[in-house]
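See the structures that follow.
Consider the two complexes below, in which chain A is the common component and chain B and chain C are the respective partners.
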Partner chain A sequence: MNMKVIREDDELTHIKLSGRVDLEGIGDLDLEFTRHTVTRRKPTLVDISDVDYIASIGLRMLVTAAKVLNKFGARLVLLNPHPDVEDVLRTAGFDKVMPIEHDYERALETLKTAA
Partner chain B sequence: MENQISDDPAAVTDNVPATILVADDDPDLELLVTQKFRRQIRNGEFHFICVRSGEDALEKLKKHDIDVLVTDIKLPGIDGLSLLSRLKSEYPLIRSVIISSYGNMRTIRRALNLGAFDFLTKPIDFDDLGITITKTIEEALALKQAVKDREHLAALHRELDIARRIQLSMIPGIFPAFPERSEFEIFGEIITARNVGGDFYDFCMIDDDRLYFAIGDASGKGVPAALFMAVTRTMVKADAVKGLPPDRCLSEANKILCMENEFSMFITVFTGVLNTRTGEIVYCNGGHKLPFIIRAGSGPELLDNTEGIALGVIGGDSLYGLGNVKLEPGDGIILYSDGVTEAMDKGGHLFADKRLGDLLADDSFENPRDTVGRILRDVEEFSRGVHLKDDIALLAIRYNKS
Partner chain C sequence: MSYDLSIQLKNRFSELSHLKDALHKYCEFRELPSNLVFAITLSLDEVITNVISYGYDDHEEHLIIVTLRSGKGVIEISVEDDGKPFNPLEFETPDLKCPIDERPIGGLGIYLVKTYMNELEYKRVGGKNRLMMRKIY
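Moving on to the complex of A and B:
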């Protein structure tokens, strides 16, 4: 897994994840991800278009961040998942906690809505 | 001070002094060591026991928990070499230093061959004495710790093995499960990637013609996942046997799991009730992989999803909904965990839903046991040479004529 911070300001955290989000892939990035999302408490956009596989530990990382952000009134929106990954997310019902969008502008709109 | 050897491998013995047995008929050695190590003796780090003969040495070896033996080759009665042979056979954890007169290389060789850790030559060099004995003590203590660690590990393995057996005993594993019933057949299998796992399946009769069944997959692996799974499985079942509908079973369990869930664990659960008279299934999906329905004469199809989310993520009412499906005689349902479809081959490719669907399309589904076996064999073949990463659970039910 790779993690890239695209934007980090008062309005938004925009992060791009890529590769395999599983136990081996996450490694120490779990903490990094939490640091950039949870501790900042800003609306968070996570671009997962280049994530080709997500295991339960990856889902847990995302859901944990989304839940904490929701508590502070900020949303976490997932951008552009691969159909297989989207299927995993929707089957597990996680789109209820972190909305899934396929368009950057729409994702920004969703981020503005109350969590 | 007498040392206590504890049976508990986890017991901490850090504060017990290292015990050194010194055997020499010449009283000078006793003076030398007690002088050289006076600080360690005062601090309670080293404890010296000094004897003048081989017989006395054997006596002390029996009585005390000795770490290091320092012995002269020449001793009245039983000599140093004989002591070394005794150590080798009876006290293999004790490290020894032998003392020989300068230049007696043959005797020193023999002693080393008998397992002596190091040697000193007479006349004894004060500094060399210190270095040699300290080094030997370190070696002896490291060895003792290694043995202790190994025992500790073995104890943990035994506990894990017990945990595994307890866990497996929670999952119905005797088939045919209902030999007296001809309306349906059921078969399940669990394969854990580690000693204990987070996958489960479960089933039991609620009353004469209602079969409760469930499959689940807790996030993560090993003991944490197994604990979370065991709690969930029991809560869901407890409500199910009371006759609560599947959506209520999941909703109630979810509420409790969300109350205290510091580690943000979650578990996907699919649960349903089959009416064995009519073939009707009412079900609820808590974020689990959707089961396949196998229609006699046509291909497998995925069941429609219900409202639902993996348990333990968010609390609240009306998160779970009900679904209905009717099985005709000869139809069946296959429930599975993502350990099946996310099994990987050497190239990192996933087994995937499609391969499972294709396999089921070619399967006559005459009995659940054969179908489950076929799936497992295919997964095994697919992921040959790759260590199983995730637990696998499979549960298959075939509905016969009532």
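Moving on to the complex of A and C:
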């Protein structure tokens, strides 16, 4: 898994994950992910268009961040998942706790709504 | 049906990448559709991660045997380990509808396996867990 910070300001956090979000892929990056998402307490857009695989440990990383952000009234929105990855997210019921969007502008609108 | 692929893994997380490499080569050779490859990879990933994480109280090396066989429109996957008895079929389904604040963090892996596979059979034979998963496609 790779993580790239696209934008970090007072308004929002925008990061992009790529590769395999599984036990090996995440490695120590979950701490980095937490630092850039949870610690900032801003509405967070996570672009997962280049994530080709996700296992339950990856789902846990995302939902843990979403839960904490939610406590601070900030949403975590997932952008552009691959169909197989989206299927896992929906199967796990995570689309109800972390909105999934396929359009950047629409994702920004969703981020503005209260968690 | 014939046995097509058999892999022996040690109870170490680093073995998961060997499993995935072997699995991808096998699926490529069998020309299986990508969503099926995803389902098989995810299910094995979750089952084996569980065995390695919770199956053993000692720090000894153990073998986990994964076997795949494919027939017309069906894949059978078996996982055998000598860990503590664990029947995933008895595992309670997490509440996926509860609010975000109340959602439990764990319990998802087994739920995904149950959802992605069509049939699961568990047996404890000779001190070993034997899980058979079937995927119809």
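As a working rule, the second predicted complex is superposed on the first by the 115 of 115 C-alpha atoms of A that agree within 3 Å, B and C clash if a C-alpha of one lies under 4 Å from a C-alpha of the other, contacts with A are read in each partner's own complex, and residues count from 1 in each chain.
The working rule: a residue touches a chain if its C-beta (ideal position, glycine included) is under 8 Å from a C-beta of that chain, and two chains touch if they have at least 3 such contacts.
All values derive from a computational prediction rather than experimental measurement.
Asks: Assess the superposed three-chain arrangement around chain A: do chain B and chain C clash, or do they fit?
Replies: Once chain A is superposed (C-alpha atoms), there is a clash between chain B and chain C.
Asks: Looking at the overlay, what does A:5 touch: chain B (first), chain C (second), both, or neither?
Replies: Neither chain B nor chain C is touched by A:5.
Asks: Count the residues of chain A touched by chain B and by chain C, then name the partner with the higher count.
Replies: On the superposition, C touches more of the residues of chain A.
Asks: Touch test for A:71: chain B only (first), chain C only (second), both, or neither?
Replies: Touch partner of A:71: chain C, not chain B.
Asks: Based on the superposed arrangement, let me know which partner A:97 touches: chain B (first), chain C (second), both, or neither?
Replies: Both partners.
Asks: Taking the superposition as given, does A:31 touch the first partner, chain B, the second, chain C, both, or neither?
Replies: neither
Asks: According to the stated criteria, A:63 is in contact with first (chain B), second (chain C), both, or neither; which is it?
Replies: both
Asks: If you lay the two complexes on top of each other, which residues of chain A touch chain B in one and chain C in the other?
Replies: 22-23, 53, 55-57, 59-60, 63-64, 67, 88, 91-93, 96-97
Asks: Can you list the residues on chain C that touch chain A in the complex?
Replies: Residue list for chain C touching chain A: 13-14, 16-17, 34-35, 38, 41-42, 45-46, 49, 96-97, 100-101, 103, 105-106, 108-109, 111-112, 115-116.
Asks: Can you check the complex and tell me which residues of chain B touch chain A?
Replies: Touch residues, chain B against chain A: 217, 219-221, 264-266, 268, 285-290, 305, 308-310, 313-314, 319, 338, 342, 350, 389-390.
Asks: In their complex, what parts of chain A are in touch with chain C?
Replies: For this pair, the touching residues of chain A are 22-24, 53, 55-57, 59-60, 63-64, 66-67, 70-71, 83-84, 87-88, 91-93, 96-97, 115.
Asks: Would you pull the chain A residues touching chain B in the complex into a rising list?
Replies: Per the stated touch rule, the residues are 22-23, 53, 55-57, 59-60, 63-64, 67, 88, 91-94, 96-97.
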